[in-house]
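Dropping the structures in below, format is structure tokens.
Below are two complexes that have chain A in common, paired first with chain B and then with chain C.
Then we have the complex of A and B:
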């Protein structure tokens, strides 16, 4: 178990290094640079700026400096926001994305398992048909459409009641979180529902469930111990990557609901070719994703005794 | 290790219970037994879901507590007459608010509210006194007499030294300010900026605390307009040096001398300004607070906030316009000052170096068609000249005094020019021309329109090269295009802000147009002090741009927005702080 964990962590570090290197090279091979702006600048000012940011050094040396700083946990200073350290940007804005992400995943996981179990129970009956129809909608409609529609619905809702039931956008209180996290989690919830349904159906008709029933176990026990626990396995498998995807993929939702999360900085940085922020956020997100996958793999062993971690 | 043990235990159990398997299988068939089981499990599901929702609510409560620690405050209504507060949305947050290094519109907007320069623009876009009470601008020197009651937000007086310090900082090579060039009319500013002279040689001096003497590099008739620009704002030296390189990074890293101060700045979330009681002209200010409580570039989201009564102003684009029209809201529009055009690549290696080819293209484009049939956004007006309509001339507006050359689509002339171009170039048919364009819906629409126009009216094939902002700039600078969709916004309220754009020495002349004649007229416009002479020079430039088809004007950009009817006195303008809320006030609805 410990050996396995260490092995996975080393693999993870290599993956992150690979992500960092690939991003660095891709970023520098794109035409243009972060110092280029609407108004052309003189050679002298350009030289001053290059010296300030160390862009006057050969690429390979920049890469070396960059890696060394990264190992020390310093991502440098943003090009676009000249007074902000990338570490500060991540520290201030990732927690907001994380809160949004955790809520969305809690919503998605809870809803997915619940609706999945429900549809399996009422297979080919009304609840199943209705929910599965919604699931198909949820999977095929992208989150930015849901975000825009959800926001519009809030406007109508508030107008209908004449008071502000839920805020249309912004961040800060509990009420600000409900709509964006629902919107963000919807796609994943739909996906998990489908997964849960098929895995539940398989398990309900399995021998050991039939046995449990026949020996007269209370339904509670059958459901919790025999069905749910086994059916949940595939859901847990995809939960890890989903957590990372949701936490990092909330850009559009953050934009629509004016939430000061990290996603916006990530996307803006690419548009502005803000080298340090691109590197910082990519490596951070990369490391986060790798870490979540490892955590889920370890968790898998805890839930499913048949899995041996070697 | 535990896993393996528990696994074998479970397996054992299953084996044992398997002995009773047949009975269980049989029991699934009859409906009654099944029904009871369903019911039991159904209520289990119910209990579980209640528990789950409970856990979810608990989690939310916990997270909301955590997020409050990060300090984002809730926002009020769009306009609040009792507290004198208005709430607004920003498209992006200012990268930082150090006036010597600020380059973008949003920084300019915020700085314009919290800082004051020597002069400012009033609601009719006239230059009026700011920190300077009066001034004299001569051929080689400008003297500014500063008012004695102008104060920093810490109570200390604003002095001539504060201006000298800010300007020196801006031109100092170490600051690497992108807008240092705007100070170049000051003696030795360029040499200092390029590291050839020490900063002490810089031509601005404080004669005493309230007299600022500026030596000029050359006679400059529009210097009063220039000093309204944010790079010319004052900075207090002690304070700047005490921030350890973080000047302008946060609300506490700034000292204010303008109508407002920044009370709160939560990065990416909120920027809240309060009326500055230390401001000398505080009676001019009616609002107590301006709360930028939302930061999003999503036009739709801002309009939804407007509908919900949460923001007082929302800008519109082609999509949201329709929505606003349906609501029968009063639309407001204004000319944002910028001009958009097709810029040709004049480098000798390019086909567009050939004047006849450019003229051929010129005679098939119709800006009116582009504006009214393709862009279809009210507020935009068809482009006729490099110089937009709002620029002032000698007495009235420049374009009224010196109308733009008349332009009409003329296919016969266009083909005539094209034939000559083909002969001169010795190529027939012409290879596809590279049409560089931005990568967004608006730019795509325009570039595809032009592609179609050139193909159907001239038989010229055009290859569209879509690039995002920085890449497009890189390709423009490197000259990797034949035509590019470009634009230019003004820095100061004088035609020269457009007039020198295609001078051979201008780095923003990305098509590398070279004309000795145009350069000569730019020189006249730069240093003449006679308004008639200067405007004549701009007219000559205007004619050269048309005759030589340097660029093809597309449109002058207008913006459309909706405003809460209770909010009055908001000034929108082409040059200077925009939007300007310093004179805004709330009326009872």
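Then we have the complex of A and C:
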């Protein structure tokens, strides 16, 4: 188990290095640089700035410096925002994105498992038909559409009742978190519902569930101990990649709901070719996702003993 | 086994005129069409027949394991010690299942929950039916594993199914099925998925446990060798019906139905003879979407008569406790003598 964890962590570090390299190369092959903003600067100032930021050095050397700073945990200073260290940007804004993401994942996971089990239980009956229709909507409609529709619905709802039931946008209290995390988790929840449904249908007719019934166990015990635990295995498997999907989806939802998360800075930085911020946020997100996937895989071992010992 | 022991062994389970159907997209499958049998304490009843003849459905309907829909029990009764357990659609329950009747299945590899320890899976039955605490039940589970001849039962009880071999899994299944001391054990092709050495060990184990606990066994199999070794009574099943019922000796040495004779002839032997060719039964079983109006075996029977086509034969008694559904045994059948002669042991047909 420990060996496995170490192995996975080493693999993770290599993955992050890959992400860093790819980001660096992509960034530098895009035309333009962070100094080419709207303000025209003289050749002399430009030279000075380039020297200050190290942009006049050969690409390979720059790459080396970036990598070395990254290893020390220093992502540098933003080009576009005055006097802001990338580390500070991440420290201030990532927790907000993380809370949003965790809520969305929790919502997607619980909802997916619940609705999946429900649709399997009532296969081809009314609850199944209704939920599966909604699932197709959830999978095919992008989250920014849901975000806009959700906001509109909230506005109407608040106006109808005359009081603010849930805030339409912004961040701060728990009630601010509900609407955006629901919107953010919706697509993943729909996907997980489908997965859970098919997995559940397979398990329900499996030999060991038949054995459980032949033992005369009460239905709730069969459901909890024999069906549910085995049926959520595929759901747990895709939970890692789902975190990635939710994080990237978060950029847009943060924008629509005016949430001061990290996603907004990431999008801005790409537009302004703010090298250090792009580099910092991408590598940070990459490392975060790789870490989450490892955590999910280790969790998987807790549920499935066959994985644990391998 | 004779009439005398029949009277000594009390009847545990009486099944009468059981009919089971399945609704499918292609129509209604008449899987079991009026089956009756008795199960006696301490005795083994073997139900033999080829794949798809309704053997498993018969016992699963008694256990209430028929998924409904699409399955349904159309008619019939099953009384366990006089108490009705097939109530219209399903067994009267969880009280009987696992507690009074235990069941083991064909494929032990897939019949155990992969994410639960063997010990927990055995203990579960005791917790539910006998009110054992988890600790008590686990201790008992280890004892049961020991009874089914698994080494280091305490350590093994903490392991998961994937850490067991096929034979050990089937032993664990048996331990689970007998945990509550059931009076009947249903074994649905218990050795089909195992190799012959293991098969033999499992059969020995079943027989020993049967003798220790005076337990009745309903053994589902398509292997006549297993039948000869284990069975006291045999029911030969074909297309959802019992074509012949009797003691194991009756079935093997006084076969009364042409199908039984055909099955015996189709058995491979160990004899070193030039005519080692298997004697298959030509044709295939009838379509159970629309079962034939007369004898189910009519289309394949070498002795088929006019009457067989449209009139279903009733069960004719051939001897004490030996009956067959075949018109050849009707008192007015012109070929009756021929049939009786034919029912005598045939050359090379014994086991």
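Definition applied: the second predicted complex is superposed on the first by the 306 of 310 C-alpha atoms of A that agree within 3 Å, B and C clash if a C-alpha of one lies under 4 Å from a C-alpha of the other, contacts with A are read in each partner's own complex, and residues count from 1 in each chain.
Operating definition for what follows: contacts are C-beta pairs under 8 Å (C-beta built on N, C-alpha and C of every residue); 3 or more make two chains touch, one makes a residue touch a chain.
What you are looking at is a predicted structure, and each value in this text was computed from that prediction instead of being measured.
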Touching partner for A:230 - first (chain B), second (chain C), both, neither: second
Chain B versus chain C as contact partner of A:306, first or second or both or neither: both
First, second, both or neither for A:172, with chain B first and chain C second: first
Chain B versus chain C as contact partner of A:82, first or second or both or neither: first
Touched partner set for A:273, first chain B, second chain C, both or neither: first
Chain B versus chain C as contact partner of A:213, first or second or both or neither: both
Overlap of chain C and chain B interfaces on chain A (superposed complexes): 207-208, 210-215, 218, 305-306
Sites on chain A touched by chain B in the complex: 1, 30-34, 36-42, 44-45, 48-49, 52, 80-84, 89, 92-93, 95-96, 99, 102-103, 106-107, 110, 114, 117-118, 121, 148, 151-152, 154-155, 158-159, 164, 167-174, 177-178, 207-208, 210-215, 218-220, 222-224, 255-258, 260-261, 264-265, 268, 271-273, 301-302, 305-308
Contacting residues of chain B [partner chain A, same complex]: 1, 3-4, 6-7, 10, 14, 17-18, 20-28, 37-38, 40-42, 44-45, 48-49, 52-53, 55-56, 59-61, 63-64, 66-68, 70, 72-75, 89, 92, 95-96, 98, 101, 103, 173-181, 193-195, 245-249, 253, 266-269, 293-298, 300-301, 304-305, 307-308, 310, 467-471, 473-475, 477-478, 506-508, 510
For the chain C and chain A complex, residues of the former touching the latter: 63-65, 67, 93-99, 102-103, 105, 107, 110-116, 124-125, 128-129, 160, 162, 173, 176-177
Residue ranges of chain A touching chain C (in the complex, touch as defined): 205-208, 210-218, 221, 225-226, 229-230, 233, 303-306
